[in-house]
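In what follows, chain A forms one complex with chain B and a second complex with chain C.
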Partner chain A sequence: MHAIFRPPVNWRHRRFRYGLVVWRCLNCGAVHQYATRICRRCRSNRVAEDRLPDRARLVTLTVVKNPPVSFEKQAPYIVGLVEFEDGTKMLTGITDCEPEELKPGMELERVVRKIAEDGESGLIVYGYKFRPVIKRR
Partner chain B sequence: MSKLSGISILGYGAYIPMFRIKAAEISRVWGLSESELPVVEKSVNSVDEDTATIAAEAASYAVARAGIDPSKIGAVYVGSESHPYAVKPTGTIVAEVLGVNSRLLSADLEFACKAGTEAMELVTGLVASGMIEYGLAIGADTAQGKPRDALEYTAASGGVAVVIGRSGEGAIADLEYASSYVTDTPDFWRRGHERYPMHGSRFTGAPAYFHHIISAVRMVQEDGYSLEEFDYAVFHQPNSKFPFAVAKMLGIPAKKVEPGVVVNVIGNTYAASSMMGLAKVLDQAKPGEKILMASYGSGAGSDVFIFRVKEGVLAKRNRAPLVSELIERKRYIDYALYLKARGKIRE
Partner chain C sequence: MRRVYAAGVGLLKVDERWEQSIDSMVTQVVDGLTEVRPWKIDSIYVANAVGEVLQSQANLGAIVAEDLGLVGVPAVRVEAGGASGAAALLAGYQAILSGLADTVLVIGVEKLSDATPEEAVFLPTLSERYDYVGFQGVTEAAIAAMMYRMYLERYELPQEMVAQFPVLMHEHASKAPHAQYQFKTTLENVLSSPIVSPPLRRLETTAPADGAAAILLCSSDALSTIQHEQVVELAGAASSTDVVFPMEREDPLKLNAAARAYYEALARPGISRDDVKVLEIHDSYSILASLILESIGYSELGASGLDVKKGIYDYGGKVVINSFGGLKARGHPLGATGVYQAVEIFLQLTGRAGACQVDGARYGAMVSLSGLGSSAYALIMKER
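Let's look at the complex of A and B:
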């Protein structure tokens, strides 16, 4: 079984996966995807909750045609690297578009989608993905 | 009493997945003559979308239009006939995605195509009683139609959410009246563990859709309203004929129904169907105008509402995508990709 389907792991990461809430070390800059009081990298206790913006720019992408177990239903799917205004980079699924429509530097917006399913009877894992912006601000 | 005061829609949001299948493409596979097709095309969810993600996106637009702090929302109710889990609420997923406080009332509702408006009735009551400050009522579906069944041409995906709270500055529409008419009528059902619903075919018309909507609207008239005072009439839209037919029976001109009708281009979004009509009307209505809305849910019942559009709609309308923008954002898929997106390909 994939780690993300274990209820405690799935549950601990939900604020990160749903809303890109991160716990950032104010000492070394490390980003944690779950609530922690001590930085896992430098052991500093100066860790603050932060929320990454709803929009980011595309850096690069690839298409996954041979997905791991539990991700098969969505194949082929796009995985991209995006960069936020503050320079934080993150891997993400990209949805609602074809790879040919994506250009580096393009603005994308966060949505919440199904990420994977543990068969017909297990958990459905939801989380952030990015997609081309629907409505310009 | 069904008359209300001091309650308003403070935000609304619609979401329609971008994929469309033409009714002609479905009939290419199963055969039905061009003249028999109930709609032109319908919306289809992406492989990574379900009722929870559709509800969350519609709700995020409703909260953006309302301009409120999500942590002040005291209730999240999601009405649907396609909740992702049989046991495990959709509402808590939506609430967590929005960042709603855990001090919250939440439940999933089921009442066929009127489950979303039932959520509106409940949230209205909770706001009116003072139990909560703001509440979210959501209707969302990825509706199931058995391959080759008449419903396959119309069963679509979409969601609409409204934020209801006390009236005040920024109100989009005041809610002046809310009531409901229900009976035990077996026009459409789905048993537990079954993938697709069954329906009473022609029985879904006169004793079901028409009887309940007309009875609900008659209550409005008995309570002192004249149908002439409404600028818009929004009805559940399972196909492109029914909303106009029920309007005709009630003596409401087609031009008051037209502005809210979307079924021809996105299909029947079930629990979101009448709410989608309301959202489209709010996208274009002027302050002071009055809206009559009557949903329909099989089994059966009709929720009826009266809204008066307020100034707030002008500033808030453009904070989120309009229904027309969501309709225009589309990509056609063929029947094979449709089967994949709808999970109809079984290993």
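Let's look at the complex of A and C:
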């Protein structure tokens, strides 16, 4: 199986994947990870660009021990659900820690990380992950 | 109001069929429908979920029509992830109710043994939004595992309350000649099997499977013109959709699409859920068995495990679930699974279920999901 990552797809999603740029409904607040003209929750057509904060709280997590195509070399890896202060929930990879260090409710911060390298084309795909907040002086 | 009947069924043992391709499985299963020949088929629906990815084969409508010597008959492939089979049955039901068809052949076929282990993880995840989920290496099993953890935490339950579902499924499959895994297992085995994504264990999921099943649907007019031995009425069918990513639903532990589809399907013949004595549910992960039974109202929220312990879902209980082992133990050949569910209900209602026979059932039902409940299909079958 091949071409899981295609350059145009990766390019198209760059703003969301590198900067958490989203499309937010001005009527109900729902967030879309893709450019849309219709809110998928309330069907309003008042949707505008927004950016999600760099910090979020952990809701729940698990570990992928049986990886899919293109992620063979990374397993086991942590994935989880985070919640931003506006209530938006998002699925994300979690990095720089062990599962035992993670507790629901703890604050995580966004980083840009390599997601995978496609075997056929050699495309290196980057995107967001979250990690425990590193305290700064 | 027109009525829809199932006049013949066929199925292959769910297995790893190394020597067979999709076409040979289709011809073998349809060859098993001998009791309803000769045919005049108005339309063919072929359910298949991942053939264009794994076998590089799309356009299964025309291909299957030719394989069956039925060139000229309208034929189309139906894809709705793990619910493809149920979606094809619904399409056939609608075609007959509309009056545009009197005989419809519904075939479900899937061949997953061609996949590498990584592809077998990748393929079911195609039912989630790839640009959001698959892109990050998140698997369908991982999302199911997060739902599982939420469930155990919310209701403060030990894992065995969910993990006993596979034990019951293997018990049922041990008497089913067409089941993929005809062995019994224990709670200890399930809970000590390798972790897929915590808390989800290997024996709480399904394995790659090849399978094909077929049903001939017909109108009451057609019933008088074809030879048949046994007939069951397809008394209701419905479907619904939900927010695709479960964690964005108002309650990730409530499968609203399943509930809506099930009650709409029950409403067609005007029966209540207590009239259903044989129920096939979509237990691709153990946690989905709990969530379906609680969402469609057979168990109180958080109490499906307790109800299993009470024997409510076993022979002699309120309703027998997955009498041939369900997705867990009969096997889950993705796009064919829904057709297997319907064939199994047909076998139950016609007294042909062998050692798996549930006595005294007048109505049987099935609930089939794609993804983790983003769409759901329900069918009600009635003894004739």
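Criterion: the second predicted complex is superposed on the first by the 116 of 137 C-alpha atoms of A that agree within 3 Å, B and C clash if a C-alpha of one lies under 4 Å from a C-alpha of the other, contacts with A are read in each partner's own complex, and residues count from 1 in each chain.
By definition in this document, contacts are C-beta pairs under 8 Å (C-beta built on N, C-alpha and C of every residue); 3 or more make two chains touch, one makes a residue touch a chain.
These numbers come from a predicted model, not from an experiment.
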*asked:* Quick check on the chain A-based superposition: chain B and chain C, clash or fit?
replied: fit
_Comparison of chain B and chain C by chain A residues contacted_ = C
*Thinking of the overlay built on chain A, is A:95 touched by chain B (first), by chain C (second), by both, or by neither?*
first
*Check whether A:115 is in contact with chain B, with chain C, with both or with neither, and answer first, second, both or neither.*
both
*Who does A:74 touch here: chain B (first), chain C (second), both, or neither?*
both
*Return first, second, both or neither, reflecting whether A:84 touches chain B, chain C, both chains, or no partner chain.*
neither
_Superposition-derived minimum Cα distance between chain C and chain B (Å)_ = 12
*Name the residues of chain A shared by its contacts with chain B and its contacts with chain C.*
74, 77, 93, 115
*Once bound in the complex, which stretches of chain A touch chain C?*
1, 4-5, 9, 13, 17, 33-34, 59-72, 74, 77, 79-81, 89, 91-93, 99, 115-116, 125, 127
*Touching chain A in the complex: which residues of chain B?*
18, 46-50, 52-53, 56-57, 84-85, 93, 96-97, 99, 320-321, 325-326, 329, 343
*Contact residues on chain A for chain B in the complex?*
14-15, 18-19, 73-74, 77, 93, 95-96, 111-115, 124, 126, 129, 134-135
*asked:* So in the complex, the part of chain C that touches chain A is made up of which residues?
replied: 53-54, 116-119, 121-122, 125, 131-139, 141-143, 145-146, 149-150, 194-198, 200, 245, 247-248
